[in-house]
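Below, chain A partners chain B and then partners chain C, in two separate complexes.
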Partner chain A sequence: MNVILSIAKTTIGEAIRRRVLLIILLIGVLFLVIAPGLSVLSARSSYTVLVSFTLGVIQLTSAVIAIVLTVYLLPNEVERRTIYTILSKPVYRWQFLLGKYLGAVGALGLMMALMTGILVLVFKIMQAEAGMDVVMTLARAPMMYFVQMSLLAAVAMFFSTFASPIVNFFLTGGVYLVGTLFSPVFQDIAGNNSVNAMVKTAATVIHTLVPNFAQFNVQNTIINSGSQLRSEQMYYLQMVAYAIAYVAVFLIGGMMIFDRKEV
Partner chain B sequence: MKLKRAPMFAVMALCLVVQGAIARINYPVWEKNYSPRIGSDLRGLSGDQLLIALAGFREMVAGILWVRADTYFDEGNYDAILPVIRLVTMLDPKQIDVYATGMWHIAYNFTDEQNRSDRRYIPSALALGEEGARNNSYTYELFFETGWLWYHKIDDDYDNAVKWWEQANEVKDMQAARKNILAMALLRDGKLMEAAEHYQSLLDKAEVEFNKNPTEYQNRQNRDTIESNLDNTLVRMAQRGNFALLGGYYDEWNYDTKPPYDVGFSAQVVVEDSRVLRVEGTWNVQPVGTRVRITLRDADNPNGVPAGMKWDRSDTVDLDPEKDVTFMQDALFVKNQSFYRRIDMSRDPVMYPFTTDKYYVEFYYNPRSGPPHIQDRFGFNGEGMTDSNFLNTEIRNGQRVVYCRLELTRDQLLRTGEWSTKTPVVKTKNFVPTGARTADDIIDVPGMRSDTGN
Partner chain C sequence: MNLAIETKKLTKTYKTSSGMQSVVKDLDLEVEKGEIFGFLGPNGAGKTTTIKILLGIIDGTSGEANVLGRPAGDIESHKRLSYLPEKPYYYEHMTGLEITQFYASLFGIKDKELCVNLLNRVNLGNDYNRPISQYSKGMQQRVGLAQSLLNDPELLFLDEPTGGLDPIAHIEIRDLILKFRDEGRTVFISSHELSDVERICDRVAIINKGEMVHQGRLDDLLSGGRIEVTADGVPENLADKFKGDDMTLSLRAGRLIADLPDTMSPNEMIDAIRTSGGSVVSVIPRRKRLEDLFLESVSGDNLAKGRVTGKMTDDKKADTKEEEVSS
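Our next item is the complex of A and B:
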């Protein structure tokens, strides 16, 4: 366990020193700060725009950070040959991979916490009369985004065991897009009785195999006061369990490939 | 040490099964579910959808979003549809269906627990229709839909329905069968001769089409329908004395609308509990089919008009209704010459915020929106109707309507202050209790030889 934690700690240190990630983070923060001025883009009221836009920025920025951060973790170690030094010590390959993943998730968590802090600050300035309960409600979406991004990082980690960073970037991005944009479409097709049986089966298979990232998007309940979760705890618990199961799938798959890979 | 493949595969497969099972757990998610189909998830508009939209796939994203909106609609998650509608119409202003469905959805589907529409959304629905018609002026559809909103939902100010349907008629692709409806709007707008002339002009065109191809069933049906409508209109105008009114000899003959019949309106409103009204009263008309409109609105709202609002006051689509405005509208169904209704607004505090101090409860009856068998007696403009207390010829230009206004305070409606222990009762001076009744009262249907005089 100590080995895994040491690798994770080192990974976090490396991640927060990487300029490209800091630049992405800076862009995200910038968007959060200028968010109040963008309410003109929508027909809804300023509160709705502020919440939906800032949550959207956090989600997008986090997704880019999660992908960029993770796709380079293993290839960089191989390229710089530091992996040989580590693996020559009593460290199993699966421990190395797990440590790297946990480090990536830790770094991601830190960056998302920073963005959430800024979101709360912007919100408190713009909606001075809002109480702590409103702010806490607002902070729930980034928590679910964090779970979502941890799953995305696991996907990227899995692909990084056999794909180059560029290929991995597009593969992971593609899975994320399919899981977010198209998952609901596949689900609709899978549940539609009037659709051809073969198409329906294909849609069901895709819907089951591709992680449904859209399920973590809880912003609707926060943006629209009319729609509320009947049992928040149950839903969040379900989503966390879903993510853990999927992360396990990708990490085990990655470990098995990485275990037999020539480095 | 290499990992053993078999157990690892087994764990991986188990995790896959677990995630699949978790994804299929279906428990009631939404607190406010209007749909009979329970079970939903939480997929919403997200930043990446916007990103793709900005990257140049506007129509594709608009299409995907519309599919999402459809799912939201099935799930009863109506609030989530609003931003989707707006986004789709912004991304692809040529999506006529989205405009048409969107304005219908906004105007009709936000309801309280007793299925009364939240009419504060109507100005936005009209603005969306106007925007859609502006962006798609090559087709009649959005002119037609906007006119329909005036004719059917607002059911008042029929000159607006006429205006929109006249524009729809000018567009080339307007369906022949739909052109009839302009005449109906003209009738409700009191423009009787124009309605008859419109029918006549449609009939002339239908005759030409029919003569070109007499074996085509559609041509025959269209011609016959228009002819029948024109006949009905002319007969009704004659029997109700409208030709006589136009010719200035109404007083010389007897018509179905003579003498004006006293409807004997009276009403009482009891605030039974906080935001709960019990409304009852009399309407001395034996045939079933009368619906008396009741509204409750802020007394000081500058957009308020008697028994209504200035519906076309908004030029922009603002999907958030005015949260501090209270406006309730319902229809009181008359049977056995009386009406009774319990109006419960207590379960919808967002729709009925009651933020101001004074409120008007208004009763309104306009024969123009009544069924033909009532209009036969009351006339198109209320010539055959009177009421010794509440006949009004001022609030609707050129029309004789029944209008009565009672007042309630916020304390009375919320049963606070001095009214926390007393039951507020407001009533017309002529109100006489009609006895206990329930919604299950048996309807006395008058016979053909009924001597009630109406």
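Our next item is the complex of A and C:
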């Protein structure tokens, strides 16, 4: 366990110093800060606009950070030959991969925590009358995004065991888009008995292989206070369990490929 | 025999666009415990591939590779060996001490004092608290050596340990390697610095195009030197007396320069020169140099392509070549 944590810690230290990630983070933070100014441009209520815009910024920024951070983790180690020094020590490849993944998740967590902190601050300034319960409700969305991004990082880590960073960027981005925009559609088709059997099978396969990223978005329940989840806690727990299961599948798959890979 | 490294018919083949290409072919390597072993070859000869196989980073296609009595790549043997790659890179945000502590943690070592002692041993002084990004190449190499000693290894793989260093750092690191042997460690060096190899290695192997060309003790491989005798006032007819197949003689204006094999005693020639009224100016034994042996070993292909020049430190080309093959 020490080996994995050491690799994770080093990965965090390096990730939070990567300029490209810091620039993406800075752009995200900038949008969060100017969000109150932009909300006056919309005809909808300023609360609705502020919440949907800021959460959208956090989701998009986190997704870009998660992909850019993870696609380069393994290739960089090979290119700089640090992987040779590490793997010549009593370190299993799966430990190395898991350490890198946990490091990526840790760095992602730190960056998302910063954005969430700024979100809460902006909100407290703009909605001074809002109580702590409103703020806590608002903070649930970034927490679910964090689970979502941890899953996205596992997808990128899986692809990085056999694809180049550029290919991985588009593969992971593609999986994220499909899983965010089309997963509910595939889910509906897969559960619809009136459609053609082949189409249904194809939809089921895609729905199973591609994680449903859309279900981590709990923005609607925050914006529309009228729409309540039947059992909110259970829903969140299910989502976390769903993410852990997929993360495990992607990481184990990645470990199996990486174990045979000639670096 | 007590072997630290042993390969039998080790072969590594890659699929390329032009078909299968062997980077290492039927390599039989034997490295004895407690010796400094030089692993030589021109760029793209298969040295790095062989080291990667021995470290378990890649698998051989066929044959056998054993390190410290276990199959190459065995995690147990990794506890007893260490590796310093060519041009090592370290996480730049970390200090020399932090890097050493990071590598120590991979062995489960938490002893900060051990790390500091090792950094002092490689003469990093008080610089270990500065970020690696501020280090010179020599300082980075010292950190590399310190991390390679963390587990008190029986076997060290050093890839170009003195490459690109200034003369002082070069000498210091060479002396450190000699100390490693004195401590009973086995040192496996892959290097293009032939003068270093000749000075510190007990045995060497030279490979070319993935195949073993020479392997053995340096003294044995470099036997067959020459002796040069120079004399003045030598009469013309004396040269005819010593003409032979394995000897070259030049006699001009009374000056004789004779080049004879070291298996032949120069005494007879010296006596004849003196008897004839000439005087011997010098008798210089010339040992065969490793560079000569190396050039002989690779001549005809790499030499003709201009890939063997001077100290042969064109490492980048070596990497490119091997990576091309690997891909």
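In this section, the second predicted complex is superposed on the first by the 258 of 263 C-alpha atoms of A that agree within 3 Å, B and C clash if a C-alpha of one lies under 4 Å from a C-alpha of the other, contacts with A are read in each partner's own complex, and residues count from 1 in each chain.
Going forward, contacts are C-beta pairs under 8 Å (C-beta built on N, C-alpha and C of every residue); 3 or more make two chains touch, one makes a residue touch a chain.
In this text, all values refer to a predicted model and were calculated from it rather than measured experimentally.
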Greater residue coverage of chain A in the superposed arrangement, chain B or chain C: B
Partner chain in contact with A:Y92 - chain B first, chain C second, else both or neither: both
Which of chain B and chain C A:V29 touches, first, second, both or neither: neither
Partner chain(s) touched by A:N2 [first = chain B, second = chain C, both, neither]: second
Chain B versus chain C as contact partner of A:T82, first or second or both or neither: second
Contacts of A:I252 with chain B and chain C, given as first, second, both or neither: first
Contacts of A:V263 with chain B and chain C, given as first, second, both or neither: second
Contacts of A:E14 with chain B and chain C, given as first, second, both or neither: second
Overlap of chain C and chain B interfaces on chain A (superposed complexes): 92
Touch list for chain A against partner chain B, complex: 42-45, 48, 52, 55-57, 59-60, 63, 92, 94, 176-177, 180-185, 187-188, 208, 211-212, 214-215, 217-221, 223-231, 234-235, 238, 241-242, 245-246, 248-249, 252-253, 255-256, 259-260
List of chain C residues in touch with chain A within their complex: 52, 55-59, 75-76, 78-79, 81-91, 93-94, 102-103, 105-108, 147, 151, 157, 326
Complex contact set, residues of chain A against chain C: 2-3, 6, 10, 13-14, 17, 80-82, 84-92, 262-263
Of all residues in chain B, those that touch chain A in their complex: 1-3, 5, 8-9, 11-12, 15-16, 18-20, 22-23, 25, 27-32, 41-52, 64, 67-68, 71, 77-80, 82-83, 86, 316-320, 350
